[in-house]
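Structures are listed in the sections that come next.
Here come two complexes built around subunit A, the first alongside subunit B, the second alongside subunit C.
Here is the complex of A and B:
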């Protein structure tokens, strides 16, 4: 492994993490927003959200990405590979996040809301103080699950020219005709990224448990 | 019932405007005049196609990338490069996302329907490569019934019927064909004995065998004449003429032969200026 290869892997790791973080940071609140629209049974928009979620859950990420990347410039929207990759990732993950948030919302006990209303809490306050803390806790394991899946689908983004960890490994393998060593390095790089994410989940869960015990 | 129906209809309506531009792409490829006006041209190259284009220590290199350096000096406008995998490359050129596929795309009848090709840049006669020391294969007829590895969507896959004809002449038959997304995986599987031979162009196979002489061994030709060239969108005539002019200049000043010698270990002085594919 030459210093150049190590630099290529390091750059690939930065790209993988940056794209994943961007996808998660956009997809998480968008998913929550979509779930709230459906939960609140907003007329028309609620139906459109259901349609959006159905389409996106039915579309493979790589297909969505190619469509965005090649079709958007045709309708006058120039898009570079990294923007297309982030857009496709966040669209895809927001649909799945929406359903995770919605599951928690559907399971949310209505009597708590009625109690909050009876003491005159506004809708915004009810959501922030009563609903969000509880659904966030209930959704956390499923959301982290979706995030770890998102990190591991990032190699398909390479199809539009994004160089992530896996593509860096492919390039090194193609140059040396020895594909195995770079793939082993790639796997070794994904493991700590996922481990970091899961550790974050544990930390949040432990903090919650501590707060509850206090 | 009605809700399901309307949802499906709405789905179709939503998808339609996205699909339409995909089928009306011919108009969107930039002409040479438009390229000159906007001041830049976008070329797409591959990243795992040694010796034509590959990435070494994070930098694009290989035969096409060195020619690209000369093209930058030759062109009266800026030349931007996008390095992408083969999968979306030709589609990107025919949709106008990239102006030129600056890669060794083999000229085929099928591709000529949506693309136009420059003068050939090398010889791409198809050869087979086998494992070093595999005594069960010594000539073409030994390939009968053996498992073949080839790249999916490649011109090489399209010309396997030629090999099949050769095999049938001796009463043999083409064995199972395994398709790979790219050649490095096919070579790996050849070394692992999952396939018995891999078909690729003479240049790619020579590069492989030079790099790994203890693992692989070059076989014989399994196709007739075949040439790779750069591609532009169909009917983009001025841009094609511009690129052909560049290639002719590089051939005349000896640079072409020099680069071929450097990357392919041989030069091809008798390349045709235009090539009409039979397959």
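Here is the complex of A and C:
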């Protein structure tokens, strides 16, 4: 590999990580918002959110990405590959995050809410001080797992022309007529990131189990 | 807009063959990887350190590799080692091998979480070996691992869409070719999304039946 190839991989790695982080940072609060709408049983909108989650969870990221990238300009919304990538990632992950947050909300003990109400806490304060810290802790392992799944599907973003790790590998493979080495380098870049998240999830789960046993 | 959907309707043959390919790929990959996973799961729990370590290393490695890159390696990489595939077999092989690791992990987890009492009771009633496995262990294992295997099948269906990149004529590839021929991106891809959704609803329906069976047995 030439120094130029190494630079291409380094740049690609920055793009891959930046897009993943953007998707995660947008997907977390949006997922929580969607979960709250379903939890609060908001009429009509709650049903729409359930439909959105059901469809998005069944849609492959490639298909969603191609839909957004080609169809949005068609209806007069110009979109570049990077915005399409971030939009697709956050739509996809928000649907999964919604289900994770909702499971934690459904398991939340009602008596705590009633106790908070009886000491006169407002709805916003109840959510911030009582509900959020506990559901965040309960959802954390599943959320970290979802993050590792998100990073695992990012190679597909190269399809619309995002210049990430995968795109660099494809280009170098096409130039040198030896596709195997650049793809192995790409895997060597992805694997530690995903392994880090998987280990983090196991660590959190073990700590929870230890805390519950104590 | 209606006109666009008319074009997609005229090309329904192409979409349906894409859907059939997606369904076929996913089901074959799920069945084979479930069987291979069933062979790998006991290896992960083997008392021999080397066997357990090797099986665990394979499973962990697969779980850290993005599927798309794995498919690229199988499709572009193996021919340079002298193993040649057409894109259908390469895609199917990639799906099967990749998911074997996930299925093995699912089965190992379900096995480890199984209560010991029914097995002990079975042994006390004189069941052993194959009969113990078939009559006592297997039904419980199918009912407890079933929903997770169903989720994995949905994951396989979605992963199979990545194979459009190696030009495998599955559902997303069919939608892509309709869109590039007639420039009807919204109609083509939204139809594909609806078909994926339908496929996943069918799988979820099956999982729910299994879950109700499991509840009835409890």
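By our rule, the second predicted complex is superposed on the first by the 193 of 214 C-alpha atoms of A that agree within 3 Å, B and C clash if a C-alpha of one lies under 4 Å from a C-alpha of the other, contacts with A are read in each partner's own complex, and residues count from 1 in each chain.
The rule is short, and it goes like this: a contact is a pair of C-beta atoms (placed from the backbone, for glycine too) under 8 Å apart; a residue touches a chain by one contact, two chains touch by 3 or more.
Keep in mind that this is a model prediction, so the values were computed, not measured.
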* Check subunit A with both subunit B and subunit C modelled on it and let me know: fit or clash. => clash
* Touching A:74 in the superposition: subunit B (first), subunit C (second), both, neither? -> both
* Would you sort A:66 into first (subunit B), second (subunit C), both or neither based on which partner it touches? => both
* Between subunit B (first) and subunit C (second), which, if any, makes contact with A:166: first, second, both or neither? -> second
* Touched partner set for A:179, first subunit B, second subunit C, both or neither -> both
* Give one of first, second, both or neither to describe whether A:154 is in contact with subunit B, with subunit C, with both, or with none. => second
* Asked: Which partner does A:4 contact after superposing on A: first (subunit B), second (subunit C), both, neither?
  -> first
* To do: Scan A:55 for contacts with subunit B and subunit C and give back first, second, both or neither.
  => both
* Go through the superposed model and pick first if A:190 touches only subunit B, second if only subunit C, both, or neither. => second
* To do: Applying the touch criterion given at the start, work out whether A:198 contacts subunit B, subunit C, both or neither, answering first, second, both or neither.
  => second
* Asked: With chain A superposed, which of the segments 115-123, 187-195, 223-231 or 241-249 in subunit B collides sterically with subunit C?
  -> 187-195
* Asked: Do subunit B and subunit C land on any of the same subunit A residues, and which?
  -> 54-55, 66-67, 70-71, 74-75, 159, 170, 173, 179-180
* Asked: Residues of subunit A touching subunit C in their complex?
  -> 54-55, 57-64, 66-67, 70-71, 74-75, 151-156, 159, 166, 169-170, 173, 178-180, 183-184, 186-187, 190-191, 194-195, 198
* **Contacting residues of subunit B [partner subunit A, same complex]** => 7, 10-11, 14-15, 17-18, 21-22, 24-25, 28, 47-50, 54-59, 82-85, 87-88, 91-92, 95-97, 182-185, 187-188, 208, 211-212
* Asked: Can you list the subunit C residues touching subunit A in their complex?
  -> 60-61, 63-70, 72-73, 76-77, 80-81, 154, 157-162, 164-165, 171-172, 175-176, 179, 185-186, 189-190, 192-193, 196-197, 199-201
* **Parts of subunit A lying in touch with subunit B, wherever the complex brings them together** => 2-5, 7-8, 11, 47, 50-51, 54-55, 66-67, 69-71, 73-75, 81, 158-161, 163, 167, 170-171, 173-177, 179-180
